[in-house]
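What follows is chain A paired twice: with chain B in the first complex and chain C in the second.
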Partner chain A sequence: MRRLLGDGRVAEAVRPIVVVALSLLLAVGVFGLSGYPVAGIVGGAVEGSVGSAAAWTQTLRWAIPLLIIALGVGITFQAGYFNVGAQGQMYAGAIGALAVGLALRDGPAIVVVPLALATGVALGALWALVPGVLRTRLGADEVVTSLMMNFIAVLLLEWICVGPLKNQDGSGQAATTDMLPAAFRISDGSGVSPLMLGICAVLVIAAVALRSRTRMGLEIRIVGRNPVMAEWMGIRSSRVGLLVFGLGGATAGLAGAVEVFGPLGSLRAGFSPQMGFMAVIVALVAALGPVRTLVAALFFGALRAATLYLPVVNDLPLAGLDMLNGMVALWITVSAVPVILARRAARRTQGAATVAAPVEKPVEKEAVGEHG
Partner chain B sequence: MIPRRSPIRPATRDGATLTCAGVSVDFGGFRALSDVTATFPAGQVHAVVGQNGAGKTTLSRVMAGLVTPAAGTVQVGDRLLPGGNVSEARRNGVELVHQHFALPPDFTVAECFELFNGEQGTVGAFSRAGLTRRAADLLAGAGAEVAPDAVIGRLPVETLQAVEIARALASCPKVLILDEPTAVLPPPAMRGLFDRLRRLAADGMCVIVVLHKMREVFGVADTACALRAGRLVLEPTPIGELDPATLSRAVVGDVTVEAAGTTPEPATSAPVELEVRELGARSGAHDASAADVSLRIRQGEIVGVAGVEGNGQRSLVEAIVGVTGVRSGSIAIGGTDVSAAPVRERRARGLRVIPFERNVEGVSLSSALWENHAAMDGGRGAFLITPQALKRRCQEALRRWKVSYRSVDQQTGNLSGGNVQKTILAREITDGLRVLVAAHPTRGLDIAAASDVRGALVRAAEAGAAVLVVSADLEEMFEVCHRVLVMLGGRVVATFERPFDAEPVGAAMVGGGGG
Partner chain C sequence: MGDFLVTCLQAATPIWLAALAGMYAQRAGVVHLGLEGLLVSGAFAATATAVGTGSIVLALAAAVAVNLVLSALFWVLTTYFKANVMIVGLGLSLTAAGATGYALVVVFGSEAAIRSPIGLPRPFDGLSGPLAPLGDLSIVTFAAVVLSWFAWWSIRRTRAGLRLSACGSDPFAAKSAGVPVERYRLAALLIGGFLCALAGAELSLAQVQSFSDGISQGRGYLAFAAVLLGGVAPVGVSVASLFFGLAAALGIQSQVDFNDALPPQFVLMAPYVVTIVAISVTALANRRRGRQQTVIMERTL
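Right, the complex of A and B next:
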């Protein structure tokens, strides 16, 4: 693969496209082999994602949360931290925002909605800071801890939905919460509104500015590439680490809040169970660039829209479409994870040197210093 | 179950002549070696010299079967080696001792020998006692004084090298190749290595050794050959027919090497810029704690810290820089106590650093040149940056330091070692400089680059900086320093003033009393 694509700048841009195209081809191939009409599936997918205004709305509806989360995830990855807890951070944000919205349901929207979104942001950041602090202070592997925090968030959401915020007048069939007052909603059920698109635009611009116009962005990149050198330059890797965990959690929390106040209006146990993980894939496909993240989020939003549309026009089972998503995820993971892992390895040796753990200096030299 | 092994105690060694014929190597589009033809007869020590990037390491790797040549052949005795086949090369008696030791740090010496043991038993099982016995034999045969059950990661570097050589000798090679074995050695250990190599050659082995310094070449070799930009510019020539000047010219070509010259003494009234008082600090498990270290460096003064690696130099430097905490005592920069200050604040006060490992602590190899350059903001701490301005600043600095590069957007890892070091100098030696800490500033650099770096240190001092140099290269320190301290076991055990004499300094480094 590497040989095929070389390793220049062009290759870096082309690689995700090749990866995605290969996955799509493979998936369609499997559908074909299983006896489904290939032409119908491809046509249906296009129709369901970009074929009409309604299809575009669906695409945007899914692209918005993916984009918001992926921007934050991308920043975390840039600093070399593999935070995969976006799902839980999103739930935390959604729960916090909904709680504020319901508690102040008689308040004026202009006050309550910003307050609720801010609460979502703060809770998402807090949720992410747990693995962040464990990582930077104690050296606990953030992949494990952030993943664990997801389970806690899932259970917390479940409890919220059957406990404190339980829908009083519902049929009781599904665990859901009360609805937010209509005045608080920032979009209708379609999940797309000018305000939400505006939020996305602001976030993309902020991410671009952070990346290329601030010292913080530069320091995040340096810490991600060589945390040891960063320390020698006076950049505190652990502080940068906490910052990116916080930022990543904040955007995931915001996405959760936007989901509740936008398309959902209320929470249901285990809503959008794939969102956080899809966003990780979006960030990886985009190779962590904000503008590319926008493109990737749109693509995966479209994929999601097509996924929901296809069973309607063909009798394709939903599982077949999950397979398609999984295929893309697999390819991307295979191609992007080695890079992230190398950065983590560099960080680990550095962590071992600064944390009170036994020091392994020679390992560090071999890991990074082999450039004779 | 346990395979029997013949005790290996090579009483007499045999050697074989190694011949390279028309060897060329391409890395991508880069021609690392072109048409190298040379014969290295058995029973002699052959030195291969050349600048960084001249192809010395590549040549030794081709001979050991680690690199497949694009053209040409390598022959041992009358046997032609298949290119790029390590096991075949080893089977034919070619062993390579690497520049960077490749032994696993958690293993014991005996286990390492087993790991590289070519003659596998049927099961591959072994007994600890058997291993230890065999290792002891090998170590004794190679003249290495180390216990077979010593753990690799805890050994000092010169012992590690002795272990590597013993490991290489385990298979009774006919040709032993050493890639820059002296780069890591303190001077006293160097003599031991050279004696060992001479003995091996006297036993009939063909010893090929990659060297950097003229003095070493004339100290150990029977013949010397020189590589320049991938070409053999001097065929293996008996050392008697050579003199240092001829050899230097062959290595460097027509480039004139800038001599750093002797630095003028600083005024005795010059204010003290760096003051370390009774410092106690510990960097990690692989260096002695700095204990009770005191030193004062005035403006314009260059002070050297000599010592065998691992005697507290790293602890001292890391404590001054601020990446390791101060346990006791104090550090002051320009009269202000910075013992508890973070790295950033110390840098803001004018501290600049050339770290030990340029590729690890000095630069981020995968970052762009301008990013590395901008990593230091000199304490200005502005939140917003303009990449264009930073790139321009980087460009100017790199041009001033004569770094060869294509674009400031290129990855730093694409540069050669000397150029990487110059990018660090370009970043660190700036207007605000008051205290410069340089750790092994010329390690692994070629003659021209090393001389540039030394010149930079001297100029920094002339411009009023206090300079602390930690180096394993005594010649270099004698050339640039006003004073040389010797560290042993974390303490400063001796101080020497100009004019320097290598004998007492070397003796102090290894704890030889009297000094």
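Right, the complex of A and C next:
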């Protein structure tokens, strides 16, 4: 955690920007080398993300779920828990919300929609509490368990879409569910509405308040930075752990519910497959700060909008975006500069007498399993 | 029955080899979440080369070469640039998935699957009688059996294998004893890259003889789970992979046999559920045995 946050606040702010810029350059370079017109791609990307009102809508449409999930992921990471199960938690929330919405399809929207969103939040939290409880009570590694929960959720969603909630209209659409009644939708197909933006604003403010204005926010960060000290201070870290898992799952579940009741209207097997990992990247680029998460989510939302637009104008394959996201993830935790500088400084002070490498790193790769 | 066993083996082989790769890495102290990416890159490199040259040897060589480079990159990023192992692993998987999908369009002009004119050789093709189903198995499946034995031998019976394990279980002690920990990790990752190249080639060139976007379907993560389920030991990892193969084959079978009674999705969930349970039980057993874990392991995120 400390390494991710860097030493100074300047480095903290600059590094993600440099990483993202370099990845963008690299990606554009790859696009250029493989024969796509670079100027056209850059122009198309700007046009497709911020060039018009419709483009801005697209950007916001993708930024909203990313922001909601990344806020929760950021809180979980702050406490030092590496929960990568946002994708599954989002699916769980989406399934729960849709099931409530379809079961009460004749009910009044003012009752059903909040109930459905609450169900989504609760199911997302429950989905996250499985790895959370296993981690805090038994010590089972949460990376593995949350990853496994993702796959279970993918299969559950697939089953929901071909089984119990399969669409009845006989259109032959393979793996989709029934549509929600139009009255329940909190946005039209564009996926942006004042209500959704309001939800986002409330969440960002809540995250800022939690982080910097509450005792719990402080405890979360202490547990993440120094669990031993947290214990000595009387913080019950297992409770903090459960809380952050619950919060992370709740936001991911909310994102899933908002996706269903907003732009999607129905569920399709394997929708938005990279959303969970993208949200992890957003949270990391934002160095886990809520306001920076907002900026990063907007940026990655714009990127998403641009890459959905580019195939239309340039035939650029959609997979280019996954490549770019992956590259950002590859370099984002790199901290070469401080290490090299420290080494150089050490060499200067200690001279040639140094035998071992002066900058020994602490244990950073603890084994997850047991070495039989 | 014979056919079913063969289906199990076919389903297990890519997971098996990738899991052996993950085991080497984990033994050396590297949590390898990049297996998925290496599977995809190996599959793509093998298929693209097979289409381009028509030579299965060149196809395998290309897959190995690409994966060795990617594994070395993984090592450089985590060792020299001090990046977080798990995030780099996930990043590698994401990049490979995106890059192969992109390359598919750039090189072959469409997002459709590319068909390979050749497949992996099948050493027992043309047998008759009760052994006939063996003919469907590619050479890589037999290689997996041999490589499992090799993994067991190299880890349990050689000095280098013991040192490798020391790098994972106690890097400080290993370093104090003069073991070049980082170099052992590089070696483990390179072996892993090689194994994943074979696994990827099996994935695309064994039965389907084609490469399509998303061909791996999370098998790399399944392999990662098999590493932990198998207790990071060669035999255990092999058994776990075969179990995952069995579950996958049952999933295929259940679509045919009892379509309505039990949806195939629930059969396919089994490996993940078993992994979660097994990991929890192991953690609980360790705790009971008094190997008290620190309350929260500090992760250098």
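In the analysis below, the second predicted complex is superposed on the first by the 322 of 372 C-alpha atoms of A that agree within 3 Å, B and C clash if a C-alpha of one lies under 4 Å from a C-alpha of the other, contacts with A are read in each partner's own complex, and residues count from 1 in each chain.
By our rule, contacts are C-beta pairs under 8 Å (C-beta built on N, C-alpha and C of every residue); 3 or more make two chains touch, one makes a residue touch a chain.
As the structure is a computational prediction, the values presented were derived from the model and not from experiment.
Contacts of A:E231 after superposition: both chain B and chain C are touched.
Look at A:L218: by the touch rule set out above, it reaches chain B but stays clear of chain C.
Of the two partners, chain B and chain C, it is C that touches more residues of chain A.
Of the two partner chains placed around the shared chain by superposition, chain C is the only one that A:L156 touches, whereas chain B remains out of contact. By the touch criterion defined above, A:A319 reaches chain C but does not reach chain B. When the shared chain is aligned, chain C comes close enough to touch A:F277, but chain B does not. Using the contact criterion defined above for the overlaid structures, shared-chain residue A:P194 touches neither chain B nor chain C, since it reaches no partner.
Touched by chain B in one complex and by chain C in the other are residues 226, 228, 231, 361-366, 368-372 of chain A.
Residues of chain A that touch chain B in their complex: 212-216, 218-219, 221-222, 225-226, 228-236, 353-354, 358-366, 368-372. The residues of chain C lying in touch with chain A in their complex are 26-27, 29-31, 33, 37, 77-78, 80-88, 90-102, 104-106, 111, 165, 168-169, 171-172, 213, 218, 221-222, 224-225, 227-228, 231-233, 236, 263, 265-266, 268-269, 272-273, 275-276, 279-280, 282-284, 286-287, 293-301.
By the touch criterion given at the top, residues 1-4, 30, 34-35, 77, 79-82, 84, 130, 134, 138-141, 143-145, 147-149, 151-152, 154-156, 158-159, 162-163, 223, 226-228, 231, 237-238, 241, 274, 277, 280, 284, 317-336, 339, 361-372 of chain A touch chain C in their complex.
Contact residues on chain B toward chain A in their complex (touch as defined above): 57, 99-100, 105, 153, 284-286, 321-323, 342-347, 353, 355, 357, 359-367, 371-372, 374-377, 381-387, 413, 417, 444.
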